[in-house]
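Next come two complexes, and both contain chain A; in the first it sits with chain B, in the second with chain C.
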Partner chain A sequence: MNWDKRTLFGLAGAVALSLGLAMPAAAQTQPPIRIGVLVALEGAFAAGGADAVRNVELALRQVNHTAGGRRIETVVAPSDTRPDTAVRQARKLIEQDRVDFIIGPLSGSEGIAIRDYAKTIPDRTIINGISGALEMTWVDPAPNVFRFNLDGAQWGTGLGRYVVQNRGWRRIATVAADYSFGYTNFLGFAVDFCRAGGTIVQRFWVPLGATDFGGVIAQLPDNVDAVYLGMGGTDAINFLNQWQQAGAGTRIIGGTIMADQTVLTARGRAKEALVGTLISGPLAEDNPDPAWQTYVRQYREAFPANQRFPSPSLFGTGYYIATQAAIAGLNAVNGDLSDGQRRFNAALSSLRLATPLGEVSLNENRQATGTVFVNEIAEGPGGTLVSRNVAKVDGVNQTLGLTAAQFRAMGLPSRTNPDCRALGGG
Partner chain B sequence: MTDVARRYPVWTLIVLLLAAGLLWLILTPWTPGIEQVLGRKRVFVNALFGGLTLGALYFLVASGFTLIFGLMRNVNLAHGSLYLLGGYLGYGVSNAAGEWLVAVPVVFLLVGLLGLLLQHQVFRRMEGEELRQTMVTIGLSVVLADMMLWIWGGQSYTLQTPDWLSGPATLPIVVGVDRNGAPVYMRFPQVRIAILVTAVVIGLGMWLVLNRTRLGMLVRAGVDDREMLTASGIRIQYVFLAVFGFGAGLAGVAGVVGGTFQSLAPGEDTRFLLASLVVVIVGGMGSITGAALGALIIGLVEQIGLVYAPTYSVVFTFLIMALVLAFRPQGLIGNRR
Partner chain C sequence: MALTDKSRDQRAGTPSGSASWPDLVMSIPAGWWATGCILLIMPALASDFWLFQVFGWSFCLGIIALSLMFLAGYGGMVSLIQMTVAALAGYMVAILGTSGVQQISLGLPWWLYLPLAILIAAAFATAVGALAVRTEGIYTIMITLAIASAFFYFTRQNYEIFNGYSGFNLVVPPRVLGIDWRQPTAFYYLALVFAALCFLAVVYVARSPFGLALQGIRDNPRRMAAMGFNVVAHRIAAYGFAGVIAAIGGILLVWQNTQVAAFTAGIGAVIDILIIAVIGGLRRPIGPFVGAFIYVLLGTFSPDVLSAFGLSNERFKLLIGLGFLAMVFFSPDGALGLWDRWREARRRPVDPLTGQARPGSVP
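Up next, the complex of A and B:
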């Protein structure tokens, strides 16, 4: 072999360098923890997904990228809200990037697919991002999947009782999108509404992505106090536009995504039909709770105004809380992820996590119990729409206040579930 | 008309009977028996009128598409982008002018000009190369879509209805009887009535121009036999320019109309391109009457399907297209070539 001087020097330097680098790592004794962030960065929720990445970063920055005495690294895996993509990306995170656990996914049907994938990797943990599918933690849940956000059915709770008791709206017709989240979100509203004595006169289910709702609007009965609309995005805008053109008529009760950023930032008069609409969901922008106010301030300070929303989105908040949970869990076990992460999982299960949305705890299905906010859409400055909090319900659990047996007997969300009459309504 | 009746007596009879039945359904009060089958009359009549309006919108988009194809054999896959561009421009113009009606001629001119530019600068250079033209139009639609996303962003836009058209109108059609026994008249959005009337006027105008003027004669001759028309000394390039500009302008106007009773957002361009493709395939490539018939059928099927079978309403459109392709591949009113 032909060693010349330069190579020798280089080699010596490299050895010295690697020794020098190895010293502090040895002092820390443990390698960094790798977290995979599974998030939809393409498709309908791309903007919300980008906000989720920002919020994971924010939560980690606040603890200086260290938890349980170990450094934290993140790997972002983009999906496109389709379940098969979510599973492919999760598999890539586990098998190629060798992450210790995953935070994600973002959308409903992704959550169900990830639940099934989780059963194949029992030694790894999955902390849900903001998927709202009831089935993720209700139907045959995986022992290593944790959800610190409320599900779509929980998001609907509180609104029904509020409209009956505070507004006296007892007879309603409903129009909602004909897919999993539409059913689930509606179920949460309807259970509450019917138990408070409300009557659902007629239910309409419209295909996702339909553009002309004239026929449905014409079918809405006249003798109702309000109409429940469970749609989102451009579907919601088209419906509201055509609803106005047909002479509007009655009051609106909205599903959780009826007043999301897509609808509130749309240009044109359609959204004006929303003024006075009551909706429910996991957050209220004007929540006076200091924890929420602090979080909003930190969010605004952390990113320049043109690189974020005016206030954290639903998706961002979900990922922020999931990251907070991961940090708290790691701190509780001192960064010990050995023994198939059993101790970490036990710590997560028993967390009483202080979040910007109030204290969150998990039930035996590892599903959060927490607060739901009822908000009213009002006109804000300069023709914008803002939502104002009018009521909140604390401690909404997975079975919406029913016993597990009652809830199970009701059946899974579908076009005909829940049966209003069986719940005491009409 | 009498020609058609003489050639297809059975079909004419069936169509006339159907039309009479429909008219009877619309005009007479319904008996409980009919209500049992078709639901409340208000719902049925509304779905019918809604379908007519939707058909009118589809006709506006598809008529330009079919004209361009009929004359130039050019499948302009950027037609949907012209629709969306027209809608966005219409939003800007009607906001700046404060009047919806101003948007219609302005958008027609602007998008028509873009059409002229496309024909003169792009398609003229690759005349007769159908595959190349098709690929170029796909490319153009992608570029236009990204540029529109850049300028107008991802949020959705709705054009403001003019005040004199907002709200519903009461039509002299009795749809039911209220509790006191007084007749209830049908209420239908004024905007939709206006759209329907506009489409009928434009359709009639196109028919007149095509059948009664020299330009129309040239276009018809060009559709039938382009080479022969060129050989007889006509400057066919001018005819091409006129047709392309007009078709593009019409797509732009359709964008204004569509943005008024639906909404504009990225993705609407491909949706309307697909709709006009289906309409033109059902009606027959290159025929204005075919486009009108196809648009009517597709619009009605979408609306009535949404009311009576919401789950399957998406399928019906393509089912009809498949049936037409299977049994009458040239379209309902199309010439076999």
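Up next, the complex of A and C:
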């Protein structure tokens, strides 16, 4: 974002080096704090990534680009949701752009790769953007990685219990995307659903980016109360189209990204199948909490209508909260990042951060505990679809209410985990 | 194509047994010595980021593109399978060696899994070659692209062996001689040495009887067949040799990334190797390395260039695309073509007596 001389020197250095000249690393200037923003600006989540950049800017504007008495500069490093690109760009931020810490990444597999990279840079800090991979802060977590958003499994919590207890949907079949976020988000739903006594009749996994879902739709059993659909973006739209052509049929329970803005604002009739769908996630658009309402208003005022979403996206909100956390941490240590950022890390660990989504605190794995919202998709004014909040669960922790030992015994998210019967379901 | 190759080859001297060492040393142009020395002392000049991220990555991609250059430049066969072969070698290192996915990785010692990985990848390349050499031109491209796509979708959905979408992480080089080969300087020298070895191997093979026969087959397969050369066997062998080179590049690339997954050999990555070879130049083995360096520089610094002009850096791919377009537009034969034309222009000086261009100075 902010362009400065050092990056220019870096470029000039690039030219000099290619000519075989020496390029001494530019000396570090002390006063401003440099934050690297690692974000996907290419691929399936590019629109969400652009919203993330806007939200980092918004959070910094609110504090006049100053925290802990020092000016803040940002460097944006674009990735394409591939883990190797994320690590490359993180390395560029740390080694070439000499940032003090990184906010990011955006997607699940990137998060796991960044966790491993973080262990090689113990003197720098990484505050997760919106990566939802459980493994990032659960399996062998890095001491300098902090996540102030809930993970994909936490996002699924609350929905399972709600559909069993409030709607009486007890027998379901599931169709979800065959990759890490698909498993993780499904696990969160299934743990809750099975513990409330639900039964998963059959599980289907569809590859990311598939176009023909006819086979799966034909195999879906008839004697179920609802179908869980855990897909996102164009996969969700394609599935719904074919689902309607095949006669739709039953009710839908959605994964967190099944009914996000990209699906709800899509053209065509496919989205109509979503009316009445129940989904869960970290935010509710009609959340009456003043903190959320203020945030939405500030977001709308900060950017012209054609350069933003009608309301902050999931991705944008994640980066906004991460930036808020960074600012709060810097204020707590008066901008002192010496001693390998130990004091800054300690301050981050003990933050009780007031965010638009409610108060967030971190556990011993530096993973957030917070609120999950259950929303229902309904018809809004002018044929649009809106999501209405129907329930919320406060204080959802990393182990989804199980003890750490129980959660560990269940195994990591995969095609076959969790075992519904072992959790009390069928 | 062939004419330039041969004149250059003669000037550089052939590495035959009869040439004595001083002759051999003298026959290598001064520019090569200078480049070699600069590359050797680079760790004293450049930062870790440049060593590992820019040069290390360039060498890995350059080696893989070199295998394509060998097939396309000397054999006249544009194969899109090279990245897939490289990824297969990387997968084999992860599966046979150690990785973060302990249920699948077998944990064999490095002296066993490295040769095995290269062998399996080369066998795969040879098998694909056996299929592809029955086609010509665009059909070779099609069939290799089809196999590359099939491999991508297979690895993405196969969980028993290839671990699907997630692939393998924490694939690191073995500690040999007590050195952590993933430290920037160590990895730089590792990649440099293998890049140099692969480069020399291609130069050597291109001048060997096999390489000369291959170039003959490229220029006129029917005449070569009439002279008693087995055209199909030569082409398949070329695929096998290129497979070994691609495998070495693939293993280095996986070590650099510490991970391998389906998208390592996705369609984008497969096409990138072709782009690297084309922008570098397909005529000589140094081309792919030049191309890889340009590719890495553009990929790494184009967001910064956009920000420098106060533009939003979301559009950095536009700059990369324009860079490649300009390259191909101004020099259809890549960066090497530009270099050759520049030298040619210099070699045609004005006659000091007449003030006119000296006739017959075209090399």
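Operating definition for what follows: the second predicted complex is superposed on the first by the 396 of 426 C-alpha atoms of A that agree within 3 Å, B and C clash if a C-alpha of one lies under 4 Å from a C-alpha of the other, contacts with A are read in each partner's own complex, and residues count from 1 in each chain.
The criterion applied here is as follows: contacts are C-beta pairs under 8 Å (C-beta built on N, C-alpha and C of every residue); 3 or more make two chains touch, one makes a residue touch a chain.
In this text, all values refer to a predicted model and were calculated from it rather than measured experimentally.
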{"item": "Touched partner set for A:96, first chain B, second chain C, both or neither", "value": "second"}
{"item": "Partner chain in contact with A:76 - chain B first, chain C second, else both or neither", "value": "second"}
{"item": "Dominant contact partner of chain A by residue count, chain C or chain B", "value": "C"}
{"item": "Contacts of A:269 with chain B and chain C, given as first, second, both or neither", "value": "first"}
{"item": "Contacts of A:241 with chain B and chain C, given as first, second, both or neither", "value": "first"}
{"item": "First (chain B), second (chain C), both or neither touched by A:41", "value": "second"}
{"item": "Contacts of A:88 with chain B and chain C, given as first, second, both or neither", "value": "second"}
{"item": "Partner chain in contact with A:212 - chain B first, chain C second, else both or neither", "value": "first"}
{"item": "First (chain B), second (chain C), both or neither touched by A:178", "value": "both"}
{"item": "First, second, both or neither for A:109, with chain B first and chain C second", "value": "second"}
{"item": "Overlapping contact positions on chain A, where the chain C interface meets the chain B interface", "value": "178, 207"}
{"item": "Chain A to chain C touching residues, read off their complex", "value": "1, 3, 7-8, 10-11, 14, 17-18, 20-23, 25, 41-42, 46, 49-50, 53, 76-78, 82-84, 87-88, 91-92, 95-96, 109, 112-113, 116, 178-180, 207-208, 415"}
{"item": "Partner chain B, residues of chain A touching it in the complex", "value": "47, 178, 204-207, 210-216, 218-219, 233-234, 237-238, 241-242, 244-247, 262, 265-270"}
{"item": "Sites on chain B touched by chain A in the complex", "value": "39-40, 42-43, 46-47, 49-50, 53-54, 91, 154-161, 166-168, 187-192, 261-263, 265, 271, 302-304, 306-307, 310-311, 313-314"}
{"item": "Footprint of chain A on chain C - complex, ascending", "value": "34, 38, 45-50, 52-53, 57, 100, 153, 156-157, 159, 164-166, 169-170, 257-259, 261, 263-264, 293, 297, 300-301, 303-305, 307-308, 310, 313-314, 316-317"}
